[in-house]
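The next part holds the structures, each set out as structure tokens.
Shared chain: chain A. Partners: chain B in the first complex, chain C in the second.
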Partner chain A sequence: MSAVATPVETKPVHRPESRRVNHRRRDQIIKWMFMAPAILYVALFFGYPIVQNFLMSFQSYTAETFFTDEAPFIGFDNYVHAFNNPIFGQAMLNTGLFTAGSIAGQFVIGMAIALFFRRRFPLNGLLRSMLLLPWLIPLIVSSAVWQAMLQQEGGIINQFLGIFSIPAVPWLSSPDVALTAVILVNIWIGIPFNVAILYSGLQGIPDELYEAGELDGATGWRSFRYITWPLLRPVVSVVLLLGVVYTLKLLDVILGLTNGGPANSTQTLSTLSYQVSFVEFDFGQGAAFANILIAISLVFAAIYLYTNRRSAQ
Partner chain B sequence: MPRNRKVARTLALLAVPVLLGTAGCSTGPLGSDDPNTLRVVDYYNNEPSNTSIQHALDKCANETGVDLVRNTIPGEALVQKVLQMASSDTLPDLLMLDNPDMAQFASIGGLVPLDKFDVDTQGISENVLDAGSYQGEVYGLAPTVNTISLFYNKDILRKQGIEPPDTWAELKRTAKQLTTKDRYGFAFSGAASYEGTWQFLPFMWSNGGDETNIDSKEVTEALQLLTDMVKAGSVSQSVVNWGQGEVIDRFIGQKAAMVVNGPWNLPRLKAEATFDFGVVPIPVPDPGDTSVAPLGGEVWTVPKTENPDKQAMAAEMIECLNTDENQMAMAKDRLTIPSKPDVAAEYAKQSEAAETFVNQVGGARARTAKLGEDWPATAQAIYTAVQTALTGQASPEVALDRAARTIK
Partner chain C sequence: MYALTLRTRRSVGRWSNMTGGLILLAVLLFPVYWMVNLSLSPGGSTLTSELFPADPSLQGYKTAIADQGGNLVTSLLVALGSVALSLAVATPAAYAIAQFRLKGARILLLAVVVGQMIPGIVLANALYDAFNKLGLLNSILGLILANATAGVPFAVLIISAFMQAVPPGIIEAARVDGAGHVRAFLSVVLPVSTNALVTAGIFSFLFAWSDFLFALTLTTTERVRPITLGIYQYIGTQVTNWNSVMATAVLASIPAVILLVSAQKFIAAGATGGAIK
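And now, the complex of A and B:
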């Protein structure tokens, strides 16, 4: 009954409505075909790992699994073990402090620098691209360099402080200071990202608004408070969300600087997940930690969507 | 408009099969099906080991009449990579493993006991066999082994008229005497990694401590010794961040007069040290006690593959790597210690440092001898306790007690 085989016969059968229905269906199919690559891609590279990771957290998935292909389901055992891990509480607290501290520092400094670069001055472009440098260095390299600079004896930072007769700070060797040191390094790493995004956000604010504001007496802080900030809010919320998710899962910087030490004082959920998975080879429990991290990230994503919708209304 | 739609339809139709096609691609079996070719995996990617091992492998392949395809995977990635190979049924025929990792592979049935191929273990020392054994069966053999000892800066000690320490009391006193404004008397690795554990073991074991009971009096005393030296300022508190590489850097830079380290650094020391150095056994609690250090080194194993013929050939390769002559050749190239005491005794004749290491290896202990696949958990508990005590978070007693509770 194909239209190609008997074109002359079938042609009169087509009534306008049925042709429209046919057309609509064909449009529908074409739409789905266009979406198919994206759907397949997401399903394959995002859906599959997430589902797999979710399932894995309920399995006894260890080194043995690789040899026997057996990963028995063990219910919530992995989560029970994860929560009962002697350093789970500390890792949670560290994750919170690390994320809050890093984001606050990165954002405030990043915003200040972005505002500064809004002014026109010589070498503006060059300096701005120089600022991106920390971002271009592999994290494991920058953490190795920082580790050398933060050495208690002979480290360049303590030598510098010594000029002002400030006693050597045990940056990475004291459990009381190590987390702060790691946060400071991470702030340095995150500034370029914040500057780049915030600066491009600032570019989108039309100059006329400032000129008009100036006529009404809105200069300096007031122009920031009443013009820049409200117009930059969508960008700010994206920067903060990405920053939080990125910082929560950050691993290489901590591994490079302290490997979670001294005495677990810089252990976070992500280092713990790594440790359990790739040092102890208990992938099931590692997956449980990873899922806890994903859940926390989702909370922030939900907050972002909520505030975004509210501001849109 | 209609033309656009037509183009669009064609494109959409094209996209689907392309994606399905890539998804459907299957990976063929890696490696060679040639019955005479063995796949070898090891982690010797640094010189001089890389060349030395290649040389030994080539020589043995020649004698055994096989061809080799060697794959060198950097140290930290090796175990992960081998696990992946296991899950895709592409395990190598001959596999090198760091000895503390071997028990885990044997425990999950990934290796074939060497007994099965009547591999000759005659003349190999008991502790080396321990390091390659799991539940009484030998799964791996190490042609050469290593351990750690005490390196000291001869120039500095001579200038102050001080002898290298033999006992803990002497170590404490000497470390204090050697400490100046810009130099520490002593350094070791107290890192949050297996290296930290490995360097703590000689103190713990020489005092009669045991890994099956890490909150014992003997282990506590050992940790107390190290903690006291940090408190006294003769050891930097930064040792909690130093791996063994950083420790030897401090020694070469004369920022530490005495350090714990291994023979693999001898070539670098000879090349870079601007001073005379010596090596002595790690100090013991009381005069006359035996210095017990951990036994290091890599064992060669036969993974459980589908091919018994290749397994037998791999076993033959292992036997060949362990002949007196080959052990000696690798030991000399890599400055490690032959695992046969007779060969080691011959090797010891070449230098004072070699003699110290041969003696220290003789009394060394395998980390997995008692705990087998449970060793990693204990090792982690030990370095956590060391870090907790050295940073003053808790007394050695409390730190070890807490650590012991995490593994019981």
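And now, the complex of A and C:
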């Protein structure tokens, strides 16, 4: 006798056709009602802002608009102004450097720490979860602490470097080093997230593979190169792509540390968009910058969705 | 003999690894320690270089609470409201995504994944104008609504991933017993999903508590001012008093510390669950 359960054939209940259709429709409506609040929220708080931002970027939307309620359409003027903004080129370059530098640092250090925690030792779990703390405290708090630590006079970092007779570095006040300082702080902030994800990815690689590899002489670097890395690839692409998307939109850290200065040396597309909209009250041009930012983010978001889907299959 | 030496070697390895782990943690958490150290230093414009607060002063905390106590309450209200809104909106949708075969469900899931990636400044740009017209600037409600833009997508993803693992059998059993979709959801699915709800709630709280962008753009007066904005304005004006700035920073970190200590399991689940499905 077959053990496979088959759906039991039930005798068709005689029911007026219209009642059955009504019942099905009611069922469908109830199912949709479960999603209705979320659909409404997503439409109002993601859909509307994206559309509105798009429209605003073609309008002259300034402080005046709030009094007169008039925002005349001006075609591509905002984009022309945005591209001609003397800070635009620098902001693009800074966005690239900030994102690439942060991601590279977070990933390499995060990977090293994740590999370290694969070893079995007492307190492993406790230490690993305490490591998450920098990720959980508000970014603006981290910015404030690092600002204190990076002060040229009396900051602990310069005092520490002073032990090795390194002269005080003007971390946040010199245009030459400010971007580096901001990147270093952001690396520190991103390490826990990278460790958490990479570690959980490493846990998915069965120990037997390493044991088998060891017999074939794959230890140390070789076992990383030929066992860990190929199997971790899907997780690595998730970490890197999500990291890029999150870093592109980051604003708190930069505003908290330098406000985009000195001399715009840490201005990125995000901070520039904020500044043009909310400091200069030129919402039209701010929206143009924000749209450029969306376009760049969506490229990486699309790659992320594509790889995520492919690795799920 | 050989086995014994191997065991000793292993145990030496274990302890030296643990020492390495402790040193690593000390280096990475040094800024957190330094924040506490500076918060206990006596006031004044010079930064302390004492490695330990030998003569701790609570002056920083007194100033911080006097200046920023109200802002802490504001942040707490905003964060709790955002948790409530995020869970109320996300949980039923997550159930629909996980268990109903609806065309709209996949689209909604894609929308929240992409929504999570939309830069906050885009939302702030548009919401400022809308909130201005609706009178929601400088209001707790406005900040709750805006901050749920982080909580809702995260909660939908975490909870729907969890609810996918709920065996359809137990839902069908309830349905056969005559429970409607709503009853089955409330009395069968919700009770078995508390872990996912707690994880989503904790992260919605932390997102809203840490929010800086909406605090910065959607408030213009001192009437409603979250603690993150309070710190930002402190850094701008109060760098002469590092102890009170750092004391405020410590106070703003308390929820993260409490949650990390008391809800470790959920934090760990949320840390990885948001990224990998």
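In this text, the second predicted complex is superposed on the first by the 256 of 313 C-alpha atoms of A that agree within 3 Å, B and C clash if a C-alpha of one lies under 4 Å from a C-alpha of the other, contacts with A are read in each partner's own complex, and residues count from 1 in each chain.
FYI, a contact is a pair of C-beta atoms (placed from the backbone, for glycine too) under 8 Å apart; a residue touches a chain by one contact, two chains touch by 3 or more.
Computed from a predicted structure; not experimentally measured.
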item	value
Touched partner set for A:Thr68, first chain B, second chain C, both or neither	first
Partner chain(s) touched by A:Leu255 [first = chain B, second = chain C, both, neither]	second
Chain C versus chain B, contacts on chain A by residue	C
Which of chain B and chain C A:Pro175 touches, first, second, both or neither	first
Which superposed partner A:Phe76 touches (first chain B, second chain C, both, neither)	neither
Touching partner for A:Phe281 - first (chain B), second (chain C), both, neither	first
First (chain B), second (chain C), both or neither touched by A:Gln152	first
Which of chain B and chain C A:Ile137 touches, first, second, both or neither	second
Contacts of A:Ile294 with chain B and chain C, given as first, second, both or neither	second
First (chain B), second (chain C), both or neither touched by A:Ala263	first
Shared chain A contacts, counted only where both chain B and chain C touch the same residue	30, 33-34, 37, 41, 66, 147, 151, 153-154, 278
Chain A partner contacts - residues on chain C that touch it in the complex	13-15, 17-18, 20-22, 24-25, 28-29, 31-32, 34-35, 38, 46-49, 88-90, 92-93, 95-97, 100, 102, 104-105, 108, 110-115, 117-130, 132, 145-146, 148-149, 152, 156, 180-182, 185, 206, 209-210, 212-213, 216-217, 227-228, 231-232, 234-235, 242, 245-246, 249, 252-253, 256-257, 259-260, 264, 267-268, 271-272, 275-277
Residues on chain B engaged by chain A in the complex (per definition of touch)	5, 8-9, 12-13, 15-16, 19, 23, 79-80, 83-84, 86-87, 104-105, 108-110, 182, 191-193, 236-241, 255, 304, 376-377, 380, 384, 387-388, 390-391, 393, 402, 405-406
Footprint of chain B on chain A - complex, ascending	30, 33-34, 36-37, 40-41, 44, 62-69, 86, 147, 151-154, 170, 172-175, 258-265, 278-281
Touch list for chain A against partner chain C, complex	27, 30-35, 37-39, 41-42, 45-46, 48-50, 52-53, 56, 61, 66, 113, 116-117, 119-124, 127, 129-149, 151, 153-156, 159, 188, 191-193, 196-197, 200-201, 235, 238-239, 242, 245, 248-249, 251-252, 255-256, 270, 273-274, 277-278, 283, 286-287, 290-291, 293-294, 297-298, 301, 304-305, 308, 312
